[in-house]
Each structure stands twice: as C-alpha cells, then as structure tokens.
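What follows is a structure written as structure tokens; I'll ask about it next.
Chain IDs A, B, C and D follow the sequence of writing; residue 1 opens each chain.
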Amino acid sequence: MEEDLLAWLLVNYKLAQHRVQLEALKEGCFKDPAVTEATKEALEKIFAELFKEAETMFQPNVKSRSDFFRDIASSGFMTSAEKLAKNDSVLFDRLISIFDRTILRVESKSYATMFETYMTFACEQTVKHPAFSAFGDRIRKAIAYAVSVEFQPINTIGTGYGRARLPFPKNQIRSEILCHGLGAHYMFPGTRTVLDIGGQDTKAIQIDENGIVTNFQMNDRCAAGCGRYLGYIADEMNMGVHELGPIAMKSRKQVRINSTCTVFAGAELRERLSLGEKREDILAGLHRAMILRAMSLLARSGGIDDEFTFTGGVAKNGAATGALRTLVEENYGKKTINISADSIYTGALGAALFAKRDQLGETVNVDLKKLKKQKAAIAA
Amino acid sequence: MTAKKIIEDCEDLYNDLDFTSVKTWKEKTGGKAIGYLPVYVPREIIHAAGMLPVGIMGGGPNLEIIKGDAYFQSYICHIPRSTIELGLLNKLDCMEGFLFPAICDVIRNLSGMWQILFPEKYVRYLDLPQNFDKEIGGEFYRHEMEQLLHDLEELSGNKVTPEKLNRSIGLYNKNRQVIDKLYAMRVAQPHLVLTSDLYLLLRAGNVMDVEDHTRLLEGYMAEVVKEDRKKFDNIRVIVSGAFCEQPPLALIKGLEASGCYIVEDDWVLGARFLQKDVPITADPLEALSDAYLNDSVSTSSKYEDEKEKGKYLVDQVKMLNAGGVIFCAPSFCDPALLERPMLTAALEREKIPHTSFKYAENTGQFSMFREQTGTFADSIKLWGEA
Amino acid sequence: MFYTVGIDVGTSTIKTTLMSFDDDGANEKLVGQVLSKIRKKDAKEVIQQAYGALLAEHALTPKDIAYVATTGEGEMVDFRKGHFYSMTCHARGALFLNPDVRAVVDAGALHCKALIMDHRSKVLSYRMTSQCASGSGQFLENISRYLGIGLEDIWPLSLKADKPEIISGICAVLAETDVINMISRGITTSNILKGIHISMARRLLNLIRMMDVNGKVLMTGGLAKDEGLIAALQELADDDKKGLSIEVVSHALSPFAGSIGAAIWAGYREVRLAA
Amino acid sequence: MKKITPAPVAQKDIEKEESMILQKKMIGDHFKRLCTAKEAGKKVVYTFVPGNINELIWALDMLPVHPEINALQSAMRKKSGDYVMEAEKHGHSEDVCTYVKCDIGMLKKGNIGPTGEKLPEPDLLLLSYTGCFTFMKWFELLKQEYKCPVVMLQVPYQANGKIEPKMTDYVVRQLKEKVIPALEQVAGKKLDMNRLSALLESSARAEEDLVAVWDSAKNRPSPIDAYFGGVYYVGPIFSAFRGLPECEEYYKLLRAEVEYRVRHKLGPVTPEGVMKEEKYRIVVEGPPNWTSFREFWKMFYDEGAVVVGASYTKVGGYYDRGFRHDPEKPLESLANYCLGCYTNHNLSSRIDILEKHIKDYDADGFVINSIKSCNSFSAGQLMMMRELEERTGKPGGFIESDLVDPRYFSAANIKNRLESYFQMIEAKRQAAA
C-alpha cells in the first residue's frame, strides 16, 4: 500500500512536470510570428490531443516512453500534425517549424524552483484516486510537511559532459567516468564493466571491487554510436526516440548499415526504404550498428567482465539492449547483464556518492538492505 | 566445369573464413600449414618442407570486428585488426606457424603481437633485405632463408633437400607462368576475363596446393573462351596501391561497372612477385635470393634508389595501352600512400591521366568510388588521351 | 531540332532540366527545369512526376525526347538512355552557366566536391569531403531546424551578422546542443548562422586550396543559393594569406548545374550516336 | 625547441639555465654553420635521428641535418600546419606520417630552417634509419627533389628481442662497403679511424652522463621531467652533436645541475617555475605532440604529474642497459647502437622496457600518447597497454594526438581523458588507504 501511494505520487509528479512544459510549449507556439488562422486552429487541436495523451502517459502500465519532454512532445506533435495536414504540405511545414522554434526555448528554460507546485498538483491528483481518497487529508499533510523540509546539502559535486561550465571550484567537479563507475557500483555492487550510452557520448568503463575506475574508453564528439544517433533517426522518421526500439524488435532479418556517420545513415535509411526494405529490418540494422561501435569501445577498454552493467538513456531501448545481449554472449560468453530503469541517473548518483565521501571522509559502503528494497521497488 | 562454376567455387573459398580447404588438405596429406601475411614470402621453402603455405589477407568485407578493435586504433589500416579477429576467433588454428614478411611497420608490429597472443605457435618475422647487392643484402637474406628452412624442417619433421626445393621451385615457376598467361589474356580480352574472376582465381591460390591451383587456372582459361560476354565501351586502366590490404570484391566489381577495364593490378601481389622463372640450380636458396634481388616487381614496400621512381608504372601503361591509372590504396597505408605522389609525378611527366581513392577491406559504401572512377572514365572517354 | 532531358538525382532533391539543340548538336538552349524535394517520398515516383510535369508544361511527350540522361544517383531511373557521372556533369553545366569559370564547388546535401577543369569542361582534378556530414548542406538544414527558421531565411540573416560566433569541427547532429548553448548565451540568430557559414566555408576552402585554383569559382548544388555561405567563402579566401586569389560566383540556376550538364552531354551523345 | 624560458625562480636555479643557454648556443652555432656551409666548402649530409651515425659524418668533416628536428621545430614555431597542408596539396594523403609531410611542405615553401634562414641543400642523403619503414619512403621522396646521391643503411629489426651476430655483420658490412665509401666520395677524403674512435669515446662519456640524468628520476621528488624536460635533454645527443666536445660539456653541466636539484630536493622546472608538489609519478610511452607542446605539458604539471620515465627519449639511442659507443670497436658499436634504438625493439621488448621504467622509477601509472600518423610507434600500443597493466598492476591512460599536425590535437578531449586518468589514480589511492 505504501509503495503504491509513492508510485502514484511519482506518476502524478511526472504528469505535473509534463503539463507545465506543455503549457509553456502551447503558449510559445501561439505567440510564434508565423502563426496564421489555419495554424491556430490546427494548434488548438494538436494541443488538446497532447494534453489528453498526457493524462495516462505516466501510469505504471504504460510502457515505452522517453524521459525527455522533447521526445514525447515532438512525436505527439508530429503525429497529430501529420494527421491534420494530410495533404497540405505547406501547413505541415509551417506547424513543424513553429514547433521547432518553440521547443528550443521551452527546453532551455529552467524549471528548478517548481518543486512545490509539482508536489501540490501531484498530491491533489493522487488523492482523487479511489484507493487513496479516504486518506486525503493525511496525505496532504504529509506532503505539505515534505515540501516544507529544507534540504541542507553537505556537499555538492558536479559531473557530466558540461561539467566545465559549472560554477564550482575544481575539487567539486569530478570526471563523469569516475561518477559513472561509482554510480553503477552502487546500483549493482558486483559490477566490473560498465557501458554508458548517453545522448552525446559513449563510455566503456572497467571498475574494481570498490567501484573505482581501472580503465576506460570513450568516443569523441561524434553522434554515431551515441543516443543522439537514434534521436536523429527518429526525427528522420517523424517518430519519438522511444518508439524505435519496439519497431526494431519486430525485425526478423536485419539489414547491414554501411554508413558510419549519423547523417549518412539517415540518408541510407531513406534510400533503403525507397528500395522497399522493411522499416523494422533497417531499424534493427541501425541499432546493431550502434551497439557494434559500443562493442569496439568495450573491447578497447579491456573487454567485458562479470557483472556487466548497461547505463544511460539508451539502456531503455529494448532493441539496443537486445542487440547488446546477443553480441555480448556471442563474444564474451554468458554474463550477468544489469540494466536499471533509473540508469540515466547513474552519473549523478556517482557524483552524490563522491560528494558524501569527500565530505565524510569515508569510502562508500553499499547498504545492501537498502539496495534490496530499491531493487524490489524497481521490480514492482 | 564451366568458367562460371569455377568462379563460384573460388568465391566460396574467398568467403570461407574458416579455411575449410586448408583443413581438408591437412586431413588428406597429414601435413602442416603455415600462414603468411602479405606481400611476399618464398613459398617454395614451405612447400618443400611438405607444408601448405596459406596466404592470409585479412577478414575481408564479411567479418564483423568485435575484439580486433581492441588492438588497433582507428587510424591504422584494417587488415591487422581483422587478422587478429580471425586469430581470436580460432579461425587460424589450423595453421601451425605464421610468417610476417617485412613490408611495413604495422605488419612488423603485428608479428610481435602474435608472439604474445599465440605463444604456442611458430611465429617468424621474415626480414627482407632492402639492400639489393648480392654480397650484402643477398648474404643477409640467405641467412634469413636458412633460418626459416631450418625452423620449418624442425616444425614439419621433413628434411628439405636441394632436390625437393628445386621441385617446389619448378611448381611455383609453372604456377607463375600460368598466372602470367591469364593476365595476358585479360589484357587482350578484358571483357572476357573479368577482373573479378581473375581476382577470385588468384585468391583461391592462397588456400590451396600450388599444383591444384595451376590446374584450376588452366581449367578456367580453357572454359572462359567458350563464354559469350558483352563488350562495353570501357576505358583501360591500371590499378595500383592495393598490394597488401585487399579491396572488397564489390569494389573490384564496381570499378568494372563504372566503365573501367583493368589491364594490370597489384592485388595478391605475392603470387606474381617474382617476374622470371627461378632457375633450377645446385644452390636453390641462392637462386631464390637472386630472384628476389634482381627479378621481383616494383612495389612500394621495396626501397629503390637506383631505378627511377614510377618508370615501371609508366612503362606498363605504355605497354598495355592503358588510358590511365587508378590508385586505389588502403586507408592509412603508409607505404602505398607515400609512394603515390612519386608515381603521380612520373605519370604527369608523361601526361598520363590518373585518379585515386582509398578504401578499407570492409568498406560497404561504393557510391563515392563509383562517382570518382566514373568521372575519370568519362573524362578519358569524352576527350581521349589528352 | 531535338530535345534532351537531364535528371540529377541527389540525396535530398531531384533536378530535372529540359534542353533543345539544333540537329547538328549545336546551339544548346535551356527550355525549362524543375526542382523537387524527395522528403519522405519514393525517389522514383518523384522523378516520374517531375519528368511528366516538365514535359507537360512544354507540351511535349516522352516520344519527343531524343535522349534522357541521368546523373548523381540516377542509375535507378529505368527510362534513361545514358548515365554520366556527377562531376562530368557539374563541370559541363558550370561552363554553360558561366563560360569563364574553370573551377567549380558543388555543395550539396551530404557531399561537397571541388573540381578544376579546362576550357572544354574536362575535369582535371578534384577533391571531395569525407564521410562526415559536418559542414554539409544537411548540417545547415539541421541547424536551421534547431533555430526554427526556413532555409530561405538563412542567408539574409547571415548577411546581417555583426559578431559571428565561430564554431568549428562540430558534429552535424550534436551541433544542436551547441546551438542551444549559444541561444542561452544570448547570441543572435544572425551571428550563429554566420559563424556556421564561416566554419562551412573553411571546409570548402580547404578543398579548393588543395588544388591550383585561381580566378572565378562557380558554386553549384543546393548550397549555391546560400548567399551567406558564398559571402563567407569569399571573405575567407580574401583573408587567406596564402596567395589564393579567387572570386566566388553563383548563378540563379546553379542548383541545376548537374542536370544541365547531363542534358548537354545527352545532346552530344545523341549526335554522335546518330552519326 | 630550445625556447624554454623558466619562469623567474630562486637565485640558485640560475644553474639550470646554464645548460639551457649552452644548448641554445650550440644549436644556433650549428645552424649558422649550416647556412654558411656552401661558402665554407662544407658538405651537408641529411640523415635521420634514430640510427644516426653522426660520428662518421663528423669524422669526415661534414655537417649533418636531421629533417625530423626541422619538422618538430616547425611545429613548435606553429608553421607545421601550413607545411602539412602544402604537402597534401602536392598529393600527399592525410593519412600518412606528418613528419614527412611537414618536411616536404617546408621544402616546397623554400626550405627555411628554424632560424629563419634557408637550409643548405644536401650533398648526400644518408638513409641510415632504424625502427621505421617510413624513413625509406621519406628519402625516396627527397631524392625526387634533390639531385644528389643517396646511400642507405638498412638496420634489421630485433624481431626476437635480441641482436643476433648476423644483424651486426649485415650493418657493419653495409657500413664498410657502401656507406663509408659513399661518405668518403662526397667528403673527398679518406676516413681516419683514429679520429672516429676519438669521437666515439666522447660520445660514450656524454652517454654516461645522460644515463645518470635519467637515473635521477628515482629520487622523490624527481628532479627532472623525463618526458617534457627529457626531450630537451636529448636534444644535443639525438641531433647533430653526439661525439663533439660541446656535447660532452653539455651533459656534464646538465648532470651537475640535476645532482644539485637532488641534493636540494627540488622538483623539475616547468615553464611556470619549479614544480611544487609531486602528486603523480608517470611513465610515458610515445612521442609528444609538438604543436601544442606547452599546453600538453601544462595538463600534466597542473595536476602535479611528473613524468619519471619515457620511451620516446630512447628513440635516438637506448643507453639504459649499458650500451655505450666503443672506440675499440667503432663500426660494430655503431651497428649495435643503430640496432638498439627503441623502436627497433619488438613489442615484447618495448613492453619490457616500459615495465622496467615503471618499476625502477616507482611510477603510479603510465600514459600512452598515441600518434595518429606514426604507425611505427602506434600499431600495437593498445596491446602494450593491456600487457603493462597486467604485469605491473598500474593503471594505463590512453590519449591520442599527433606529432606536428595541429588538426589532430584536441585539447578538450585530451584534457578530459587525462583529468579522468589522474582522478582515477587518486580514487584508487583513497580506496586503498
């Protein structure tokens, strides 16, 4: 019961976040200089659809969905716009360009101070649920308390690709490699090899029994092989990035993709589609091509040791994990492969652990009890 | 067997990364096999020791590289990583020893890696002389060959007598003669002896007994004349630069498809490295050494101070009535790519058109090559020689 | 008199050109042309449509066309009579558009090629970009999408830049984050675009510099419409201390150079075949 | 490459400057000699650093020029980018050794040497090389440009990790029958063996002092940086001066300075002064990057990393295991010197050498700087890394750059990797504590 409530709060919290951004997007779109009567009408319809979709989107039984507002919104928007402007390519182009212009601004806005708003919304939504309506006031009270508690961070450590731009002193910045290693170690203490495929880069990391990195390899600033590779392909196909995996998984015979560059792969995709090859087969080939690049980084960092943990946004993509599993088994034998639903936070988790360690001067010990609980929560 | 069927069989051999034909040979003869990397090794010595020399030319277009990348950075040519991949996949287990001839730093260093990776195998770096003086370079090379001969005797348990060695020399002489005939046939009728056919025939020689290979070539030549093959309005070109890592078969076919008949090339060059028969004498090692010093082809892994750079190529163009030269070299291949400016300079002095591009053995995209060779062919076709 | 059609099948657009010749192949004239975007459609269909529309517009039927020549990825067109390779065509088309030029830069969606030729448009030498789309037309298209502006708005904005924000060697796909970054740092769209034009121009200049180019250089391909890029290229070339003295020019029909060249070669071959 | 201006440090560090000043003067004098060679009637021999036989050249009163040194100096003076581009314009591929392209580009642009004056054309191309096939191509290319004789000295590869008698014989024979006659012909005189022996004796003394300098890195803190500083230390002995009295003097001076630093427990001098804290002791494999040499060095000293051992400083002679030029056996010792240069060792031996460095100098780890355009060094380095990690238990770092092509130095990337690498050592230490 207790977990159920938390789960629902989380669902509604995400909904709140999503709605706020949708509102901003809507407002932005209507303010766009290119808006005409026709587009206004279309936009109204599109947004009505988007808000409606959002209602159920975060519920636990709904599966494939991106964690990124942009992905969700853009796939929804595209689909609706395509439907509405079936034969009117001018209208379609106009709608898309309005969207492109606006999303950029919505995305680069900061929503950091909205915790209370989100929480209140989440609380009100949740108590509407029949399972909790009886405890409405107790829940409200508890949440009001939770919201009022001030966080007192004892230490902060920044990491990630953009870490150099953080306004932190040097000792509060840690390489994302180390953070990923430690984060993965915390989630799965048996981990020896970590693969992180993020949006902008891919890292293969070897760690020791304490979660300390012993070797690593990462790719350069090239989208081929990172999450954006799939994002770009999804854009090419007017789809959300989270929709690719499920389609690719239907493939029975994958196509070999020859282009390494993401943009060229996009062109190859179009070419192959026009040659009549199946969408799912090409997509499967694209996923495999991306995982092959990761395999080569892994090989270079020292191979794959038990246990192997796959983190980063792409770990949510079933076709990518599928291709990875196959290739790992073929080349390194059976290995325990850990994939966490929260994997996109691995780096942040590692940074937090370093922050704690730096402050308290202790090496991090994994709290097994807590971990079990966490795993159970994830399983539920 | 029709020419088409012969080529199909050769293509199967080309695609067979398990070296089944080598295993079959071993079962049949009970002998051992020695793998060698490009470009040239004196196969006669291996043969005389009752062993099968097996040419290893990388993994080609079909091998997916998973672990090989762990050994080579992205800016090193492709052949060593696919060779290591083959090794790690145990596909080269059927060979008892490996020879790494001196050709470039990559192959040289690969020999050291092989020593570490496969300590149970016989691994030898064959240092070829760059001094072509019989008394100096010849002396050194002779030592190298003696050592090799001695090692192979030990490995095979067979004594190599001068008679045996001479017999092998004879067989390889014959093989080279037939290959030369095949090349001559292509020069005369490039539409008949397709370059892709010829290439596959040469590749087959990497993995089969020399006598069988000679018979195969003769069979093809007898059959192919019966074929009725269409003649296209193609230009005649010489392809140069691919002496080590081989272009994918599809690229070779693509060259023909984009309007070029190839009348000379340097792929599988080891099979044609010696340009004259090695004489049968009382001292076969000396004969082999002399052949290497005096009668081997001009290629970028050999140092040449006496001869004028590019003269060999220019002569070939004239002799074979070629319209131009296509440099097609593996990416990151220092010997081939450093040689290129010298050769192009020689061609330019003679106003011979040329173009160039780079490939990797597993390149999968050909449209850029097609554009380039096509434009090249167009320009020769539309405007003639000059 | 007879007619020919040249079809240049690109990765993003199809260019179709109709030309007429005297019976002896002389006096080539441009009759009409269409440009069609492939987008997500089947390229073959787009080609068929464009071809049909162009003929209809000039009251012609396929029977009236003596020779259909393709170039680019045109090998897929089954009603063609011949195929010419793209540099051969761009060179010939360029010479038609501007008889003074001896150097051509073909900047398209994915590739850029620079070539030099003689007075008959024989390609003497060329350079091409690699298999990385950084700095290509598609790259620019992506950026304009991230910025939410149309292709046609790019060059006017770029020309207005006062303090270009120069970025170099960035991935065509990951550029998005750099763009977002710049926007959040308050860099104007004009300055972002100009910066991108400069980095693209560098790439082109590197190709040109690899050959002995002097005098007029004609831009062809889709990017030839981008006056911002042309301006940036000219500025860079002028600044270049390495003795490069070139004048970058474009032509309203530059994007059609490939198809024009194909149509002219078609005329040439037609006369030869008849002979 | 001499232009290191140690930031104002304490008075006693003046000594340090003395060897610097001397080296600078030596190089200046040499280039002056070169520029006036033709007037002075001196013959000029172009030859390479690894496997150079300078003593022979000097014994015949000729002047050596080393194209690699020109290339690296061009890089430090930020000219190499243009030179490389120039060579590519002349048909060279972007894939090949950039030393070659830098040299060819410099030639095409008038052959202006590091001092801004035109270098003399060679009277002889002495292709004595070791450890790399590219050298052969290099001189084949130069031969197209100059109408002068070439003579080659092939040095067999130590494929089995040792120098076999037949290898030495082969080199000696070439020296006797090819190289010396060719040199004599150009010099217009006979080789005086006594003169050669005297030069070799001097070489051996300099070598002795150099080895003592390397050994000093065993101290804590290490008084030298054996890589970034080391490339300066090998300047005289690798380039034109081995065998000359000024070379001997330089090493005597250098050794004294280093010994002084040891006594006073001083760290190495960096462009920003004496290094404060020695946090990490590192062994480096591979050549440095010359185009951003300072920036690259800074990435180390800013983190408190000192290089205590390096393989690159052994390319022009490997003296650590006792080899010295021997006046008693002049030709044989020249042959063995050539055979012993670092890149002429097979991969296992290279791993052994690095392993020994890591152990002898008590390093915390090792970094491989892989050069994109140098196959001789780079092919196999990934495997070396793994073997070394296994054998020593010390972590390896892997970065990629180029010798002289500025396009291939991605500072952000290298910095990110190095930072992660040093943090990794740090984290490991903490975990162990």
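In the analysis below, a residue touches a chain if its C-beta (ideal position, glycine included) is under 8 Å from a C-beta of that chain, and two chains touch if they have at least 3 such contacts.
In this text the structure is predicted, and so the values were computed from the model without any measurement.
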Contact-pair count is greater, between B-C and A-C, for A-C
CA centroid of chain B to CA centroid of chain C, Å | 41
Would you kindly tell me how far, in whole Å, the mean C-alpha position of chain D lies from that of chain A?
-> 49
When the centre of a chain is set as the mean of its C-alpha atoms, what distance in Å lies between chain B and chain D?
-> 36
Any chance you could list the residues of chain A touching two or more other chains?
-> 221, 259, 264, 300, 302
Per-residue multi-chain contacts in chain C, two or more chains | 73, 131
Using the touch rule from the top of the page, what residues of chain B touch 2 or more other chains?
-> 70, 365
Please categorise the chain-chain contact pattern as a line, ring, star, complete graph or other.
-> complete
Complex contacts: residues of chain C adjacent to chain B = 73, 84-88, 111, 120, 122-123, 126, 128, 131, 265, 268
Would you pull the chain B residues touching chain C in the complex into a rising list?
-> 258, 365, 367-368, 370-372, 374-375, 377-379, 382-383
Of all residues in chain D, which touch chain B in the complex?
-> 90-93, 95-97, 100, 127, 132-134, 136-138, 140-141, 143-144, 150, 152, 154, 156-157, 159-160, 166, 170, 173-174, 177-178, 346-348, 350, 370, 372-373, 375-376, 378-383, 386-387, 400
Per the touch rule above, chain D residues touching chain A in the complex are 382, 386, 389, 395-396, 398, 410, 413, 416-417, 419-420, 423-424, 427-428, 430-431
Touching chain D in the complex: which residues of chain C?
-> 206, 209-211, 242
